[in-house]
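Structures for review follow.
In the two assemblies presented below, subunit A is common to both, partnered first by subunit B and then by subunit C.
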Partner chain A sequence: MERAMKLPQRVASMPFRFHGGIAALVALLVFNAFFTPNFLQLQTLFVNISQVATIAIVAMGMTLVIATGGIDLSVGAVMALAGALAPLIFLSDLGSANPMLGVTLAIVLPLFIAGLCGVFNGVMVAVLNVQPIVATLILFISGRGIAQVLTNGNLQTFSNPSFSYLGTGKVLGLPFQGWLALAIACVLFWVITRTTWGRYLLAIGGNERAAYLSGGPVRRVKIGAYVICAVLAGLAGLIVVAINSASDAARNGNLMELDAIAAAVVGGALLQGGRAPIFGAILGAVIIQLVKYTLLANGVEDEVALIAKAVIIILAVWVQQFRRA
Partner chain B sequence: MNALVSMSGIEKSFAGVPALSQANLEIAPGEVHALIGQNGAGKSTMIKVLTGVYDRDAGDVHLAGVPSRISTPREAQESGIATIYQELNLVPLRSVTENIIMGYEPKRLGFLVDWREGNMRAREVLMRFGIDIDVTEPLGNFSTAIQQLVAIARAVSLDAKLVIMDEPTSSLDASEVEVLFGVVRELKKQGVSVLYVSHFLDELFQICDRVTTMRDGRTVSTRNVQDTTKLEMIADMLGRNKDEIAADGLTDFAGAKAKKGDIVLRADSVSTGPRLTHFDLTLHRGEIVGLGGLLGSGRTEAARALFGVDGKRSGAIELHGVVGQPSGPGDAIVNGVGFLTEDRKAEGIIPDMSVRENMTLALLPKLASRGQIDFAREREIVQAFIDDLGIKAAHMDQPIRELSGGNQQKVLLARWLATQPDILILDEPTRGVDVGAKREIQSFIRSYVEKGFGVVLISSEFEELVEGADRIVVMHEGRSVKELTNPGVTENILVRALAHHEEGTGSWNAQ
Partner chain C sequence: MLDETAFDLRKYLRRNSASVTVWIALLALILFGLMRYDNFGSAYNFSSFLNYNAMFIAIALGMCFVIMTGGIDLSVGSVAAFTSVVAAYLSPYGIQVALPGAVLAGVGFGAINAFCIIILRIPPFIATLATMLAAKGGALVISGAQTISVDWGSNFTKLGMGQAFGLFPWAIVIVAGLTLALWLVLERTTIGRTVLAIGGSEDASNLMGLKVNRAKAFVYLLSGGCAGLAGVFLASGFGAGQPLEGIGWELSAIASVVVGGTLLTGGMGSIPATVAGALLLGLVFNVLNFENGQGTISFSAYWQMVIRGGFLFAVILLQSRVIARQQKVLG
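On to the complex of A and B.
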């Protein structure tokens, strides 16, 4: 009587959460090993890690917001805003006079401002009950605008080795930001699995009403998720600026919200909330990065790469549908 | 006469655990057939096998004498089996007509929907059941009952031969139930069979022809409703002797009543809005105070006020002698109040979380030091409650959605017992729960009260209130109007108290 299960059901019933993602990753690696020239070289690894770190960092924050059943469209704009602020601070008179203080402030202040953006998003969503997609659309539009006003729409270039360490430094031969992403992942994983905040986060995404009636601090936890997401986006913005030794408010973090959402979903986050696979977000980011890289290295145009990304998202959502059923 | 549906020797296991073994079900054409059993007895699994949601492991299904080929819900629909679920799968924002004709719209010129024809058909189908509503209005504007009837009308318009109704009356009030019964009788008259799943045994006597009882995945009996009694059905469901049950009384509340202690809670003419205008209550340690009243009388609103969910506009609430309303659920919990909500799905369980995580949700602040959860203690507490309350789960990390309704309810009860509240508010604690779990839950409540805690019990079942509560506060249209004190309260006295205050408004079912 037992009919053979359909493929996606079989994939979905596998014990390991990331199954589909892991399979995709392996396929990409194998393909590249055979077809992409010079793929198996340290330089390739280095380039990919330095590029994937920003997506991964933003995707982890996005995963937290998605876990509450929300979404944050403003991450790209917050990146631009934080990225625009940093050079302004260390290039200012105060920053030039005290290089150490300048660089410290150039990291701390933009992250603080990013955090305020998160508070804004969180309050809109959790207190004023605005739909997350609409609430974060406000900063999605205005955040980049503010960044461009701050920089008069100019490209700011600079030479500041201590600040650039964020994007070009090496630890044990691998990019600093890669280690940073990994460290953030470990901390967030601990927070989600071990703390009351993490438990409430998942409970709110699973059934907000029940979480509230059980005494869960729904507003605080939701605002917290948006703040962490925004601060991580700010950090990613700083890293991009540090990599380029230049801040371009028009392009920094452009379309990042889509990459981050895609990475989170590919990593196993459910858009209706209740699940926060942090390492899944990293896996998702790596897959998206590798697809981009594979197509680029094999001479496929950017436009086609966008289509490929869409296909990945469709596949991820498809597998998710059956996993729930 | 050939049976419309005949299922025999059905077997179905989930991950090696049998859910159905040698289950049988036979439905005659034009028959209203009840399917009853405790939660987890296999009723839903049986229905899902019939409608192609699950594949069976073994057994035969025949439709009108022909082996069934149904393997998806869609195919079931096409073979004339319509299922009306508790959660309706209709579109509330679209019109009644659209909901009825969806997927089968009459067309003009091959592609334009012919609305005039559609509206006419929708009206016609509804009129057959004596329902006269404006079919162009959005479905969401009508009551749950009407929406349910629209779902049934849709099924009938698709030429259903069998309509499966899963707990159709659980969210209806008395007058709506009457309308639904009218529809069921009408279906029967038209030769359509109905498979009727319900926990409310009294209903079966009004509309059902035969009743099949299931227990532990097996079919225990099929009886003619005419020739059986409520007691006999309960005995079948529980697998117990009916004389034994008769001697016991129907609830497990009865027993030594504890002595009253100090006052832990006092509400003095509390109002929160139009639905709760004047509420008085005094609760002592060691007593159960019942809130009785019809649907919409303000019972749940009173509970929400005490728990700090709805802010009060006037009046005073006093907890442990301190005046002040909790600012919200979190604050209420800290002040020793617990609130088991009425709607288990919408306000209780977090479906994807485990039994363990669900049970400790309200206790979480006390389980943590500096934000970090003490897992060892959590597991210890959860295991203790699983053992005490006899919760049937594979293990404490099983998702709660996989548990039966009765076991889910026990987990939620444990969620509140774990916080050891001085005041535990229970809103319909045994609704939608099978007879066995119901008795267990009632006895836990009684033993909790005997330890010196106070309970506010809200229940629509007079039996439960009369046998369970030490005192009953009768509510009517947002006001507490009368107080009855046990011993001495009977169902008749309670009904009279309710009815007395209904006289002014004319109709018993005025909502």
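On to the complex of A and C.
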């Protein structure tokens, strides 16, 4: 039925779907405009976009997994793994000899490995019927360990302008990764609303048994969701490494699973599954980033910011309850 | 189930086939260690191993109750870090003040969880995720992001470093008592049975007139209290309140419970098997340390995480096959 709905109509109905989030965003912006010094400047926008992009990219993948009724705790570890691999590849003999090939491989191979992590998660969940929290717990524990074993726990620093473009490049004056996140969002939005895969994704989250009995490729779709989530996490890992011109396997993506889940939920994803608000995930990521920035810019300590984040998560889900009722 | 008088081993095995794997694995690993290393069976290794793992067992016990209701508690690690700081601040007044004080602080966080989950009807995963952040922030705020040294003049460090009756470390005695008490609560009290019923079907339990909310509040308060106790062990065993500790503890605890054969969907579970699961995960580290000591391998700390994940993978794989077979038998 939704297929028959014209795009403009859908866009028109969108603010309704996550009005709570929009309201929070507007409140944050107004507060900052009045109280945060130098908030209304291009530089502030630039800093925030370059930081929010990684959260948004991971949160979109998480939204897909949550839409199937699952959860992926391994995203932070996958970020660390992909981020550790990239410098290893373009700093290797082959990579230094052929810079172009080196950088290409340094982007493609880590994403491929991240995809394999997603296959692992997906097979555990969809084929072996292990609960998602437990299945992704395995890579959560060992993924970062593998990354640290690969790098001996060392910080890898490098200077490679073409790779660093991922995190420091500008398009039309705004960070490249911001545009990248937006492009990914558009593609995923199209996939969810316009393809059978997307329809099945939502159907599985709504009622897995019914989706299976009506002949839906439940396993394939579920594995696909975990693979996309892992590849996006890998991409975010590469961006973090590119921003810093250094890869630290111990810190890259640390606690990202929490930020991503929080962003997805604030953006309107239901933990029971059945909904995949992709642009909501971006909105959620922006809100979380803005809260962090607001507190930081007004001299509130990082520790208190954690408590604020906790309150936001609770409030967002609490408000969700009313909408469902 | 309650009026079972004679213990029927075969029936027990059939009912608990998922948790039997953990006992076999635990025994196999202990035998392996005894045969391979000279000092593995020494009293020192035995008591220091148990003493160190006491806090993880305490957390896993609380987590087991929460998971049996079909919930989850992600806040335990941060709460333990918070209460270790509380215990360190209270340590000058002695263990008789610091222990209850820290456990109460843990119960307080459990109360926040219970309020969010039962009154605000927020899914446990999200509610406890939020408390996890809040407890971590709180721990850093009250400690000023510093390690807080305990008072060495009082009797506080006796708990983590002294011996009860000159035999066992106190932590082991307390955790053994806690295990026994919780086992009795689960198997012999109304609230224990209600916990299992909720995990089986919350709606059905409600319609049966069981006191669902009371049992749910109980498990989150219990889990918070257990985390509080772990914080006391942490502070007294290492001589300091550590606001940055506890990262990933919730996941170790969940792993212990799962390895012990409890399903995350709730409705079933075993207290002894959970303890066995926690011991098994700890023992993997112990064995790796011995291997490192013998010089046959030299694994860095990073390998330990990889191996731990791989080990969890193996147990889950085994368990999913056992459960699949069990479901086939039951139809």
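The definition used in the following text is that the second predicted complex is superposed on the first by the 310 of 325 C-alpha atoms of A that agree within 3 Å, B and C clash if a C-alpha of one lies under 4 Å from a C-alpha of the other, contacts with A are read in each partner's own complex, and residues count from 1 in each chain.
Going forward, a residue touches a chain if its C-beta (ideal position, glycine included) is under 8 Å from a C-beta of that chain, and two chains touch if they have at least 3 such contacts.
Computed from a predicted model, the values in this text were never measured in an experiment.
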Joint occupancy of subunit A by subunit B and subunit C, clash or fit: clash
Which of subunit B and subunit C A:L172 touches, first, second, both or neither: neither
First (subunit B), second (subunit C), both or neither touched by A:V265: second
Which superposed partner A:V311 touches (first subunit B, second subunit C, both, neither): second
Touching partner for A:L202 - first (subunit B), second (subunit C), both, neither: first
Partner contacting more residues of subunit A (subunit B vs subunit C): C
Which of subunit B and subunit C A:N152 touches, first, second, both or neither: second
Touching partner for A:R194 - first (subunit B), second (subunit C), both, neither: first
Subunit A residues within the subunit C interface of the complex: 71, 73, 124, 128-131, 133-135, 137-146, 148-149, 152-153, 258, 261-262, 265, 271, 301-307, 309-311, 313-314, 317-318, 321
Subunit A-facing residues of subunit B, complex: 55-58, 71, 307, 309, 329-330, 332-334, 339, 341, 346-353, 357, 361-362, 364-365, 367-368, 371-373, 415
Residues of subunit C defined as touching subunit A within the complex: 72, 116, 120-123, 125-127, 129-134, 136-138, 140-141, 145, 248, 251, 254-255, 258, 263-265, 300, 302-310, 312-313, 316-317, 320, 324
Complex interface listing, subunit A residues touching subunit B: 1-3, 194-197, 199-200, 202-203, 206-207, 209-217, 274-275
